[in-house]
Amino acid sequence: MAWFRKSGKKTPGASEEDLWTVCPSCKAHIYKQEWEAELKVCPKCNYHARISCTERRDLLIDAGTWREYAGHVTTSDPLVFSDAKGPYKEKAAAAKAKTGLKESVLTGDGKLGGIPVSMAIMDFRFLGGSLASGTGEKITLTAEHAARHRWPFIIFSASGGARMHEGIISLMQMAKTCAAIARLNELKVPYISVLTDPTTGGVSASFAMMGDINIAEPRALIGFAGRRVIEETIKQKLPDDFQTAEYLLEHGFIDHIVSRKDMKEYLHRVLQYGKRR
Amino acid sequence: MALDFEKPLEEIENRISELKKLNEKADVSFDTEISALERKLRSTSKRVYSKLSPWETVQIARHAERPLLRDYIAGLCTEFLELHGDRCFGDDQGIIGGFATLRQHRVMVIGHQKGRSVEEKIEANFGMASPDGYRKAMRLMHLAAKYKLPIVSFIDTPGAYPGLEAEARGQAEAIARNLTEMSLLPVPVIVVVTGEGGSGGAIGIGVGNVVLMLSNAVYSVISPEGCASILWRDGSKAPEAAAALKITADSLAEQGIIDEIIPEPEGGAHRDPNAAIESTGDAIVKHLRRLKKMSAKRLIDHRYDKFSKIGRFKSRK
Amino acid sequence: MAWFRKSGKKTPGASEEDLWTVCPSCKAHIYKQEWEAELKVCPKCNYHARISCTERRDLLIDAGTWREYAGHVTTSDPLVFSDAKGPYKEKAAAAKAKTGLKESVLTGDGKLGGIPVSMAIMDFRFLGGSLASGTGEKITLTAEHAARHRWPFIIFSASGGARMHEGIISLMQMAKTCAAIARLNELKVPYISVLTDPTTGGVSASFAMMGDINIAEPRALIGFAGRRVIEETIKQKLPDDFQTAEYLLEHGFIDHIVSRKDMKEYLHRVLQYGKRR
Amino acid sequence: MALDFEKPLEEIENRISELKKLNEKADVSFDTEISALERKLRSTSKRVYSKLSPWETVQIARHAERPLLRDYIAGLCTEFLELHGDRCFGDDQGIIGGFATLRQHRVMVIGHQKGRSVEEKIEANFGMASPDGYRKAMRLMHLAAKYKLPIVSFIDTPGAYPGLEAEARGQAEAIARNLTEMSLLPVPVIVVVTGEGGSGGAIGIGVGNVVLMLSNAVYSVISPEGCASILWRDGSKAPEAAAALKITADSLAEQGIIDEIIPEPEGGAHRDPNAAIESTGDAIVKHLRRLKKMSAKRLIDHRYDKFSKIGRFKSRK
């Protein structure tokens, strides 16, 4: 696989820890090379670990065909927000430095098995994949770009919800992005939503739920309200499978659960049905 | 029911009424003292209310005696034919709606209902709507579209209900669908934030051509308490969060999110509900007249432009 | 009230039975004159007894404005159907003789408080208000008539469901009538459905449920499957209020419950909102 | 599993196989007798199956080994991407659907699922769909409309599920909505009645530009048993009711309800499922080719005309 990071740091005498990784779900020890070869999916329990937007892009887009779109858009600080841990500006700067991204979503177009597509891929590492002005703007601009070219639009969601630090403007991105999706519907441009771990709050309650078909990765957490908030509200424990992809499938909100290794092929198949005719 | 920061006013008010009682019984007149106290009350009032902190505004927005949707309907509408049901599961009482004649304009009114009495509050789930509430609202909005009726949507909710059933029946889907379908409504949509504009539960009926807001209402991506407990890891820091989130009408107007602030009587809408309700009616009608002149296509484009420019990135900035 | 029948048979020495009627619901004895004055609604228990299509028309339509439409349509016997009790033809003839109607629905137009409306009123006395070729044809023709004139269309349903005696053609009337309603929607012509006791089976599962608003009379029986069939299927007793108008209101399928005496005024109010603008 | 009226055939078949066994063991040859019996089998077969009573046809339409939706999909589609959920409550298994490539045509397949094994049957509720099934079907049909995909709808149900939950969640509303919205679909809709066409539960996904029917399928306003118990007050009179209701393919073609009868192998589709499935594919593709040439408007008008002329009253008649 093209996208997994070469373990460049490995030196002679590397400790055991460098060779093994621990599955965050079942705690099994997996040989790092296998972990990467399995696309960060646990071979023991099928846990789909979170991956970066570029890793995901490389898994899906034909080599050499990706063109970033709206890449100039970055975070804003309309409220000059600051909390207990300091200014939002610094937090955002740190996120940028850590990830090399300018916002919580990577947007662009490319070919998926030869089919031109427009794509937005959220990255949970960037401030929890939160939806803020830049995120909404990038998704909207890319949806409009897709509309102009009549390219199918695919969003991979991974988000804890709206980003508080940009206040009401973050909330408004729910309406803004959904309006862009509505225009795709009017133009009969396919829109596929893929929900990955986690897709919650304002993202689940906007574009992520509005796909022509909604696909999820296995066991992804998907929901509107947080588990703790719900338990406090209803004063009872929630079932274990609550807000999993499987739970949502059963309740009618997800069309299909697709493993990471099958995702590209599945999307390619689906897109055949959305071809212009 | 005085709020904390209203205590000084309450004290003056109490002394005035004591003196007035004495005035009736005793031979001596306290008129001079009363006049002085009344002057003091006015100036203190002005001082207190003119520099309310965001957190104090939240208190007013949530005030138990603040006018609720039913009060606005009773005050502004000569007729309200409530309609029920989402045609799918139930008839949530957290959002209500129906045909209404608002100052001679036939419209579809929808909005959050909080309830006044304990029974009403429980029935309305304190204004926290379930998916069937959002779906009922959308059904009524589609009906308004068929009948070419403008829609007036009143927002006043702590947020969408965070319950097991609500999740299981698609709280996220219901809100998302409303956001999507409201953007294509071929009729004028006027949104009024009258009290609490709580997050996704608020915007779920909030995609308007214009968004109006009462001067002591708040509208926020998250409740100050929720924000404080996440970002300050301390729920008691809600006042700080309220300030940081910039959730008052003034701040929202500055951010270009709302189109007009509807002035409330000094001290808040609950101190003179009729005045607040009348001002709200004035503002609605003003925008209604303007929007009614727009074509369906223009209304849809206007709404799209309004929302797509929120958070529009300017590279030079 | 113009519509109640004069008790022309009353002769000197009439027995007590001629003067009293028994409420079919609460079994209270009601003075006949009161029963009629109350529009056959029980003053003790608010039971709304079934009334004929002409009684209902006279309650709703301004005097002198009614024009029947599609009145030539009558029953057909495409299957030359016969059952244990004899030929359908005879049964239909008997129904016609008994009611003076040609089919289970009265269709036409008139004014309701001055507003021109198109209307279809089912009559339970005519073979249980069953939906057959003639019923569906009359409703469809009248809906098309309403569409041409852009008159609001109002249906009062009262039906046990599709009429078996005309076989599959009765079933097809569900699709036929709904297609006509769909055309009204396309043209933005108001369609109000009023469900009266009983509205079940193929009528509940077609035009009766598709009103812009669905109104019901108090305590009307409304449902898809029969109570006995359901109890046999699920092997348990059903709640008492099951399939009542009130139950359907609670479950989101009915907009409002309107008493017979308020019906005309309520419809008139609603129609103001559906005026062409 | 021989049906009652197939007993004579079964006897002959048994004798043939006995003789064949003897043929292998014994010295004498039974070839002549076997040939004679085989001739007799063919003629008896022809006699039995050529004059099936409507009630016997019902038995074949309900035969446990009759091909089911999954068999048609497996036999006709090189690809089936099943899609799930009504986006509102659940994912009923009484109706399934998804993208399919049927003999090189990309289509949306929907249809009743009865299930073969006991577990499957229970999961699919024996092909009796709930409101969420009808709503899922309609969602998929709207998706087909967006993607301009023809819809192929397979009908095989005893009827919509008559349960408390189904009533509470709007069985009537769900079917009514499908009838209404299917009439406006801007894509070709081909309906195939493959087994039992049970009443409202069948027509709930049955509003097609063409309606095809297998030669031993039935399609009825009510089950023969239900009709018998109401009109004969005796459920055992189902055979009489079946005859009176005229529910076989021949009768329905005569009544102008169906557009084409798809011939089944002698004895019924279960005696040679592949042949039945192939014939069904042939018929679907033939109509698909024709309908694909029609514009969206033409398709909608065509469907409207088809249904509005059913039961059209001719005063001269």
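All chains are identified by letter, namely A, B, C and D, in their written order; residue positions are counted from 1 within each chain.
The rule is simple: a contact is a pair of C-beta atoms (placed from the backbone, for glycine too) under 8 Å apart; a residue touches a chain by one contact, two chains touch by 3 or more.
Keep in mind that what you see is a predicted model, and the values were worked out from it rather than measured.
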| item | value |
| --- | --- |
| Any chain that touches chain D and chain A | B |
| Between B-C and C-D, the pair with more C-beta contacts | C-D |
| Per Cα centroids, the chain farthest from chain A | C |
| Gap in Å, rounded to a whole number, between the CA centres of chain B and chain A | 34 |
| Averaged-CA centre spacing for the pair chain C and chain B, given as whole angstrom | 43 |
| Centroid spacing, where centroids are CA-atom means, of chain B and chain D in whole angstrom | 55 |
| Chain A: positions in contact with at least two other chains | 185, 251-253 |
| Residue list for chain D, restricted to those that touch at least two other chains | 87-89, 169-170, 173, 177 |
| Chains touching one another, given as label pairs in label order | A-B, A-D, B-C, B-D, C-D |
| Chain A residues touching chain D - in the complex, by the definition given at the top | 185, 188, 190, 212-213, 249-256, 266, 269-270, 272-275, 277 |
| For the chain A and chain B complex, residues of the former touching the latter | 72-74, 76, 78-79, 81-85, 132-134, 136-137, 140, 162-164, 166-176, 178-183, 185-186, 201-202, 204-210, 222-226, 229-230, 233-234, 236, 238, 242-243, 251-253 |
| Footprint of chain A on chain B - complex, ascending | 160-164, 166-173, 175-177, 179-184, 199-200, 202-204, 206-207, 219-222, 227, 230-234, 237, 240-241, 244-247, 252, 255, 257, 303-304, 307-308, 310-313, 315, 317 |
| Residues of chain B that touch chain C when the two form their complex | 79, 81-91, 99, 106, 132, 136, 143, 146-149 |
| Partner chain B, residues of chain D touching it in the complex | 87-89, 131, 135, 169-170, 173, 177 |
